[in-house]
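My questions will all concern the structure given below.
As written, the chains take the letters A, B, C and D, and residue 1 is the first residue of each chain.
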Amino acid sequence: MSLLEVTDVAKRFGGVVALDGVTMRVDEGEILGLVGPNGSGKSTLINVLSGFYAGDQGRVDFADTDVTSLPANQVAALGIARTYQIPRPFDTMTPRENIAVSYMFGQHRHSLAEAREAAGEWLEFTGLGDVADTGINELTLHQLKFLELARALATQPSLLLLDEVLAGLNPSEINQSVEMIQRVHARGITLLIVEHVMRAVMALSHRIVVLDQGKVIVEGEPEQVMADPAVIRAYLGDRGLDA
Amino acid sequence: MRTQRRRRYLVVILVLALIAAACGGDDTTDTTDTTAPADTETTVPSDTETTEPEEMEEPSGEPIRIGGTLALTGFLAATGAIHQAVGEVFVERLNEQGGLLGRPVEWVLLDDESAPDQSAAAYERLITEDEVDLVIGPYGTGNITSAMAVAERYGYVFPHHTASLTYAYNYACHFSSWSTGLHPNITNPNLIYDALESTGTPPETIGFVVNEFPGTMFIAYGQDGTDEGGAVSLAEDRGWDVVLDLTFPTATSDWAPIAAQIRDADPDFLYIAGLGVNASNIITAMQAIDYSPAGMFSQWPAPGPLLQTEGADGIMSVTIFEEHPPFTDNPDAVEVSGLINDALADAGIPYTKVETQAAASWTAWEYLTQAAEGAGSLDQQAMCDWLLENGADTLFQGHIEFRPDEQNYFEDLSKLKQVQDGDWWVVYPEEFAAPDRSLIYSPDE
Amino acid sequence: MDLISQGVVSGVLFGGLYALMSLGLSLSWGALKIINLAHFSFILLSAYIVYQLSVSYQIDPLLAMVVVVPIFFVIGALMQMFFHAVDVDEFKSLIITFGIFIILQSLIQTVWSADFRRIGIELNPYATQSISFGGVAFPVSQLIAFVAAVLIAVGMSLLLSRTYFGKAVRAVAQDRSMARAYGVDPRRVAVILSGLATSFSALAGLFVAVGQSIFPGLAVGWFGIVFSVVILGGLGNTLGTLTAGVVVGVAANTASVTWGPLSAPLVTFLILIAALLFRPEGLLTRRSVA
Amino acid sequence: MNRRRRTLLGFAAVAVILGFFPAVQEALDLPTFYVIFLFTTLFWVAQASSWNILTGFAGYFSFGQGAWYGIGVYAVSVLVGKHGWPFMAALPMAGLLAGVAGLLLGMVVFRLRRLSGEIFALTTLAIAFVLAALARLLPAIDGGTGIFMTGTPLPEFLGDFTTAMYLLTLVFSLLTVMAAYLIQDSRLGWGLFAIRDDEQVADGLGVPVFRYKMTALGANAFFAGLMGGLWSLRLGFVTVDDVFNIRVPLFVILMSVLGGMRHWMGPVVGAVIITTISDRLNSAGLADVSQIIIGALLVILALAVREGVYLRMRDRWVTTAAVFFGALALVTLFDINGSLISDFAYAMVATTLAMLVPSGVWERMRANRGGTGGDGPPETLADDLTEANT
């Protein structure tokens, strides 16, 4: 059954139409890949789902609750967590503190005391144990991306929105991350991943939704989606078909 | 990286500067604020000749320490500086003339930053930590009020120069040296109105612009809550038509609208219940729109700027002393005025003549020293009683008898002064008027 | 009627002075991200220098312009270099310039004493001259200040919108690194701009010295009005600042003549709060430098 | 024994020790001024701590301290001076009115998404101006005549005026500091830190940003107002110019920046150092110099010690203790200046200067000396968290 229902959601910025009546769903326990060329509205959709933007029309239901007009923190409290394409850690805090804070809030409230073990656990999980108490400025991009992930996981979400976790990583780091994402999924967390790295998306996703110019153009199994002419057109323009 | 290093150097330099400043501070400690006898010998050049020093035996023994604060910084500092200069002259001269009770005198002066709570704290320290022998009041109504509360708590005789809210002070041993009387809100306006009527052509219409400052509000509208006096109602009592009554905020920067309203009302006489440079700013603004009223009075102006203000000629104000006969008939007054003029000049204060502020300041010091000499001791109660018993003989204001039944105030000794030919002259009452000077006022032309 | 029209005229003219006092702050804040509280003591310092020149060397206060403007250009430039030497964000700049403000204030008091100063009548004919049309008078000094404000505001907005320097400034204002990519040296641009901004405050100081008595306490009194004008005008938007100055001037004046002087500050600051809450980007919808 | 209980016991201890100070002062007959000096310091400790709850914890820079303080002062002055309320009845109103005013402001400004940090700062500045203008305009508040508070009776059992002022200031400042501590050592505090670092991310992690910011602003205004109400007695004669000026906002900023805005102890340390030093400079007749030094301090600190001296002191506790007590011993031994306060002032100056040594230099020195003092970059509050439950 579906965990997240997106019905006819639209979002305009001034004249620009970022989302134009998007309707899609994320099923409980699946990994859904959200792909599309630049400016197709993927990030906007993530922002709408996580409650940062209020959609101009349409409705979003999560676990049978209408979350359309909820502020981000209430959406988070219901169990939707997200990461940021460009890592945004709390830079006056150590990684441990970063994670502890999100554990205190997130889906369930926890005390400062409980936050500590939890932090340890997620540091462990993402392999950040040895940088746990250093300054943020000493972390590599790779580590920062993992911190993003750890912080999102610490909110104990039932749905996790991953916004280009792989962007800017080298092949070996990508493999590491892919394997990590699978482990996250193994913990029973439903995932919606926005990605450019097709190889990874194909490997991870059970289903793929293709977004173009704010519309869902195709939805389905990875292979069939990738074979779809509309998708090829969207990515390569018409030339793609002749080739 | 480079900014890193640069920053480090910068920090080091600034730190050194800080240390320097701090240390520099400590050295000057004993010299800046206290006129210790040790250095008076060295710092007594020419003045000594004028004041027959040979009669004076050097003061000796433990110095008597007189504590007080003044607004050396903050929004009252302009006038605070005058009181500082005068006080230094007084103490220096006192030491030259044998000190107090034969002992040298030190003035422990602190800055209250124009803040009443600072003032209160400072007096607490002066009395309980520095254990000064005597205290003298600060400048500014708020500061005087909070300082007086402290003085009262420790039973110190409390002479003060310039507290405008006379009705508020009930301490048995406070002595105001600003001879406004207990009811300046009645006596002050009446002085001016009598003067105007003495010209035979009193105004028919009068306008008021009032600085929203406790002292000036008190003069203009009488005591808060009571309906006694106040310049406005007293003018009405004389049947004059009050055509304008404006209150402006203390921190006014744009005077044009006030000037415009004055021009619009066009009173025969303009009563500016203002302070500092209010009057000169208002006059400038009126000039800027081609207007000058037939006559003007300004309550407590800084005298200097008005002389530099075009269109201020003929403006009146109140004073208790001016540097001309009959006030200067007493040679000592002349000599002291000279000393004060120099001191004010040295302090970089542009207008160096002795008038209300300086005179009141000097008088307060006289209260204190005469009380000590009179009582023959530094016992506060004895000093207080002696003052209440004998009053004080002051250089600038003559003999003063304090009236316990009037909260130690006495008659209003204010005189009316006027700017004529680019200088201030007392013009009323006649017996105090400067030689061949008289009030110039005629609303008709 | 006569009263109101005079009120409006004085308001417009005085608005010019307000604008002049605000332009520098608006520019350095909008374009350089420096909230320069020292700006206020710069205005005061310049006023004192003009006063001193007139007293010591009988220099006509308006001529003093040729002395103070360059001096303060240099001061502004140096200050910006200092800020570069120690990279600052807005918050830091606020604290640091607050420190500089305090230091300058007490230095001014040490040098000129806390007492009131005023340029003598004979040297300062401008204070009280005025031209009058049908019962409404136009004070000369304010007229000059107003003209100066207009010239600077228009000049700067042309400079910023039409010239290469202007492009450079906008580039710097939006994104330092991008500016560098376009081959602009953000530092030189910033230094020049800061110099200009400070020299405007010098000019403002000059007209303050001409128009009224000066004393150290004056500077603090300017905070409210100047910030109102800067915010109303929109950060870095010189034309906006001019308009805002006039709006505030007229509002305060008309309020003062209709409800009495006590209402003027209230009206001014209510306008400010309204602006802060509903138009933080400034009165004019024109895009500002920032 | 856990950290919180330890700290709270510490508060109790401080309360007891300070509570008995007036008695001690009587017994040893130390100058009464020491009592006054102490409660002046406590007043600033409370002001700075309350300001820091909003600005230091939540990162919203506020010039509003003067406004909240002013509301407190006038609430009490009007109720007592004009309506004859007993002081102790009026005092709570000072805190409540200021708190409500703070919440009202928050309701407006925190709803506006586009409101950037410095716009918030200027709004708080403007609020102070408006309140001043109102107080001038309305005779019901002031109307320019000022209000006399001298001779306001205080409850008998508190002893004479000075002792009473001292005890009241002590109680309220301890409450303020404890509030700051409890906030920092809780979800609320960490939520605020998150907001300070990146409000949107905090929001996305489930931090109830609006409610938390309101709480911080409300607490700030409440405690500032309460202290203001108390201080109306200190002013004696209350006027708009004395109450609504930049002194209070200036000093709380300075104190918190000096001490450090990221830890509840920062403003406390800052307030103690500033009040002591400026008091002594002033008593040395160096008011003007003290202004210049304060200005210089602001500049230096903003550049050199971002995290404030407290976190450095904690990080370099060995040096701190050594320098402080060393200097104290020296000045007392050679009796450079009779007064106890002066001795402390010297010690504090020495310690502060020691803290000004830039971290980089410090790390190297420590490396050479094979390490003294704590560990980790002073920026982190790590041990607060790690010890939170040990």
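A few comments on the model shown:
Keep this in mind: a contact is a pair of C-beta atoms (placed from the backbone, for glycine too) under 8 Å apart; a residue touches a chain by one contact, two chains touch by 3 or more.
Since we're looking at a predicted model, the values are computed, not measured.
Each step here moves to a touching chain, and the least such steps from chain A to chain B number 2. Across B-C and A-D, it is B-C that has more C-beta pairs touching. Averaging C-alpha coordinates per chain and comparing to chain B, the farthest chain turns out to be A.
Annotation: 36 Å between the Cα-based centres of chain B and chain D. For the pair chain A and chain D, the distance between mean C-alpha positions equals 43 Å. If each chain is reduced to the centroid of its CA atoms, chain C and chain D end up 33 Å from each other.
Each of residues 133, 136, 245, 288, 291-292, 296-297, 299, 303 in chain D touches at least two other chains. Annotation for chain C: residues 86, 106, 109, 220, 262, 265 touch two or more other chains. Chains touching one another, given as pairs, are A-D, B-C, B-D, C-D.
In the complex of the two chains, the chain D residues touching chain C come out as 61, 108-109, 112, 114-119, 121-123, 125-127, 129-130, 132-134, 136-137, 245-246, 250, 253, 257, 288, 291-292, 294-299, 301-303. Residues of chain B that touch chain C in their complex: 3, 6-7, 10, 72-75, 77-82, 212, 246-249, 251-258, 260-261, 263-264, 276-277, 280-281, 284, 287-290, 302, 304-305, 308-311, 347-351. Only residues 50-52, 71-74, 76-77, 81-82, 84, 88, 90-94, 96-97, 100-102, 104-107, 109, 111-113, 115-116, 133-135, 151, 155 of chain A touch chain D when the two sit together in their complex. Residue ranges on chain C touching chain B, taken from their complex, read 2-3, 6-7, 10-11, 13-14, 85-87, 106, 109, 111-121, 127-130, 132, 137, 139-142, 211-213, 215-217, 220-222, 225, 249, 252-254, 256-257, 260-262, 264-265. Remark: chain C residues 35, 86, 88, 90-92, 94-96, 98-103, 105-107, 109-110, 220, 223-224, 227-228, 231, 262-263, 265-266, 269-270, 272-273, 276-277, 280 touch chain D in the complex.
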